[in-house]
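You will see chain A twice below: alongside chain B first, and alongside chain C after that.
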Partner chain A sequence: MSAGRPGQRARWRPGAVDWLLLVGLAVFAGYVYYQLRHVLVYRWDWQSVLQFFAYRDEAGEWQQNLLLAGLEATLRIAIFSAILSLVLGLVLALMRVSSRLWPRMVARTYVELVRNTPPLVFLFIFYFFISAQLFPVLGIDRVIAALAESDSALVLWLLGDPRLVENLVVGILCLSCFEAAYVSEVLRAGIESVGKDQREGALAVGLTGTQTMWHVVLPQAVRIVIPALVGQLITLVKDTSIMSIISIQELAFSAQEVAVSTDRVFEVWILVALIYFVICYALSALSRRLELRRAVGR
Partner chain B sequence: MVDAVSPDRPLAVELRGVCKWYDEFQALKDIDLQVRQGERTVVCGPSGSGKSTMIRCINRLEEHHGGEIRINGESVELYEARPHLIRQRVGMVFQQFNLFSHMTVVENCCLGPIKALKLGRAEARERAMHYLEKVRIPEQADKYPSQLSGGQQQRVAIARALCMSPQIMLFDEPTSALDPEMIQEVLEAMIALAEDGMTMICVTHEMGFARTVADSVVFMDRGEIVEQAPPSEFFTAPRSERTRAFLDKIL
Partner chain C sequence: MRQKNRSRYLGDLLIYLAIIGAALWGLRIATTAQAYNWQWYNVPQYLYKIHEGVVYPGPLLRGLITTMQISAGAMVIAAVLGLLVAVLGMSGSRVGRILARGYIEVVRNIPILVLLFLFYFVVAPIFGLGRFASGMLTLALYEAAFAAEIYRAGIEGVPRGQREAAAAVGLTRAQQMRYVVLPQSIPLILPPMTNLAINLIKHSAIVSVIAIFDLANEGRNVISETFMVFEVWFTVALVYLVITTALSFLATGLERRFARSRASARAR
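The block that comes next holds the complex of A and B.
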């Protein structure tokens, strides 16, 4: 590994080009500030946007508002989709490395279809297919109805507002089916990068093919691809925003509503961007820590 | 010194007319080999002669395409769908050790017994420590393979195979990937195993090992068994011209 030893960072000495770039950047920032301040005369109004996160009702209690509810939905969709797409992706990856032809073919076809269509198009097809056709056929709509009516605290805690359960579940399923294709590619790459010697070592001590995969190949494959998996997770978090197009009421959807109703376009989207950034940056920081730990552990 | 094996012992491994192809290329041609229980057979021959292919066919890491392979009198065909049952009885040590790099030494040794033999954790660990002591590295039990020297790794690999209590052990050039100063410690572990009466088939070019331990030396060339003889004959009076040429090169 070419990473420097911990605690011994390379010193950065700015050269002439760096100074030039820095000055250029500063001038540009000043120009933008001037434009905003004196030419555009945009009157910032954060307060009216912030109240769309939470506001005090007449009784003086804090109530969550659109944006916070949207953030909550985004987090729910992201977490459940991450789990579901990992499971589906694992199944697809195992199908793709199967020795039998038909699971390989089915998985390959699915992955290629998903990877070679724009997410938006895929989403539309999937949305109308899943929620209009597949749900009634599989009886999932009844499950969702039951979930929505259930007053169990666990369901409420997991899925949130009962009126939006169907909306949420559809979002989770769409996103998972989509992301699973990418997760499966990452996992497959990991599985294929585990050496033949590991596989044969496991077979030689009398494990079956399945045990070999489960106890020797997969644990090593997952270790290898953890950074790539976290990268995919970050993409997944960002991709939740596409769901607004099919009216899944997550953060980007709420932001759009707020932006339209308040006309505070800049403030809303800057805040929302900041929220996505914080989540995604936290994830990549976590991944870097994991990698560092791994590098030290080796 | 290792005692000779009497010829009326039952056969542990028997190959009859075994053939194998890689596409058009015939890697094994009509191989006949008999190994009695407790017998030590050393296999040698030039690179690409099919030594690895032959012993990998015995524990079903490769399939053969003609002839018959019997283990303890049973045809391997009976286990076509469950080759792991054969491998549980026929241990193998590889040239490159093939230790599981994500597991500690003792975990490497326990995996087979726990998953394949369904032993309890404590029992498996006890067994692992027993064999690690046999190969004289119990103190490395909780290290990872990458933290060990090549010789130590290969001894762990031997212990790992022994933890399955195999009836037959296969070795595929176990010392070829080692630095010279580590070869001896691995050979000692193998000699100790031979003294315990293990049935062994060793692909190796360690002729000193062959002389002291083997009951029988097999010379392979171009997919065929050219000559098989007790070491005393094999080294002093080889019958085949090809054997003589090979011995001249390596001795």
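The block that comes next holds the complex of A and C.
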């Protein structure tokens, strides 16, 4: 075994397992190379894919293209959904810890329904319900149309391309309703982990039940679950890609468009996977740091 | 006191039913305002057909069979691969540890949909995989990363003394794993593995985007033929719900049983 004793890890001597794995890796890489080069005869062309991020127009100005627009939409959806799902999740979590039975049951029903159906199925139902039924009935589509027509800089900055505002809003609403169920479970765990003595102490000094929740329990609960919330944020970023199936025009959607129109399938999917990886890996590194800091702080 | 509590619970139950009823009624109002035509009576024929006394599965049940096939296959591969990754990650081999870590990080930080496209469009042509195989392998590789973490937690959950005792009586490292550590980690591993199976079945709906005719995809097909959007999606969701709920009952049951046997072992 090559695992060195403590204090003696300077030189690494590969053992039998290491060699076996290295040989296996080499064979694997060689096979992939052979297939690409001599069987599929794939000609790599990164240039034509990269110009789908940004290109130079005739005037020499840089113009944003499909993939970059998709990435922008993905980030918008992720940020807005994170905020909205946190609010909805908090409401659900407060209902779950209510002293009355009916809020607990209503919240539980919603959370269990969402968590036990595939995201795909839930999003299809919600997409159809929100965009085809709810928007026209409540007149929200008119509000959105007005928003899209207004050329206020703030709307443009917040929501991006006016032609796609409705698309974006539907995507944000669907994803928020879905993720809220998971966020509420995280928050509930946090609230329940705050000691009973905290609550009793707060009530003893004369705070009302609502004040106890807002000023004593919740601040502590949120601090406890912050790493878990960041973990949930990673899941949310990953789940934005599923929105492409209900034709929300984010990164995975524009990637499919570019892959089909250029036929540069390998390059597109490798690049897009890399983008998602970078975003999610950065977030998980953040989550690990937060957890570490909390462990030290204790 | 007891009487008061009971009437309060009854009141809460009524409020709950009223809210659920109001939600369903609101759905009905909103949809009929958009001239949505509810046709629940048309749904059963897409689940099953009876011809001369013999029951034939309709498209939705055929889709369910495909979903179960792909999930079962993926679960078996994920369970084996996950164990391999977990053992490599804890092994003395540095290359093994790096490989295991890298694999878990890559899979966990890429959306399953993108992973599926990566497999279907990039890996499948290189290795000559078919549609069904690439769908199943994507699911398996995705869940294996989570399975590996479950195994690791399970193995680390076995007290160190057990392993040291096994080493003291002369078992090799492989034997310690096989005869002492793994059997004791099963109660820690089995309940979360059942949850993993639930996740896998839910995630399997995603293979419908590469034209595998699973339950979700058959649902989409029926909808495009009949425009019964709500009826079919509710039916499909209900089928998934029944399966996942049954499995989660199994998980809770297993957990309780293991907790009880552990308690009785301690009492002895």
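As a convention for this text, the second predicted complex is superposed on the first by the 277 of 298 C-alpha atoms of A that agree within 3 Å, B and C clash if a C-alpha of one lies under 4 Å from a C-alpha of the other, contacts with A are read in each partner's own complex, and residues count from 1 in each chain.
Just so it is clear, a contact is a pair of C-beta atoms (placed from the backbone, for glycine too) under 8 Å apart; a residue touches a chain by one contact, two chains touch by 3 or more.
All figures in this text were calculated on a predicted structure; none of them were measured in a lab.
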item: Fit or clash between chain C and chain B when superposed on chain A; value: fit
item: Partner chain in contact with A:223 - chain B first, chain C second, else both or neither; value: first
item: Three-chain overlay, vertex chain A: chain B-chain C angle, C-alpha, nearest 10 degrees; value: 90
item: Touching partner for A:47 - first (chain B), second (chain C), both, neither; value: neither
item: Which of chain B and chain C A:202 touches, first, second, both or neither; value: first
item: Touched chain A residues, chain B compared with chain C; value: C
item: Partner chain in contact with A:211 - chain B first, chain C second, else both or neither; value: first
item: Where chain B and chain C come nearest after superposition, their Cα distance in Å; value: 8
item: Chain A residues touching chain B - in the complex, by the definition given at the top; value: 197-198, 200-208, 211, 215-216, 219-220, 223, 298
item: Residues of chain B that touch chain A when the two form their complex; value: 59, 61, 82-85, 87-88, 91-92, 94, 96-102, 111-112, 115-117, 146, 157, 160-161, 163-164
item: Residues of chain A that touch chain C when the two form their complex; value: 1-3, 12, 14-15, 17-18, 21-22, 25, 32, 35-36, 40, 100-102, 105-106, 109, 113, 116-122, 124-125, 128-129, 132-134, 136-137, 234, 237-242, 244-245, 252, 255-256, 259, 265-266, 269-270, 272-273, 276-277, 280-281, 284
item: Sites on chain C touched by chain A in the complex; value: 8-9, 12-13, 15-16, 19-20, 27, 29-31, 33-34, 36, 88, 91-96, 99, 105-106, 108-115, 117-118, 121-122, 125-127, 173, 198, 201-206, 208-209, 216, 219-220, 229-230, 233-234, 236-237, 240-241, 244-245, 248
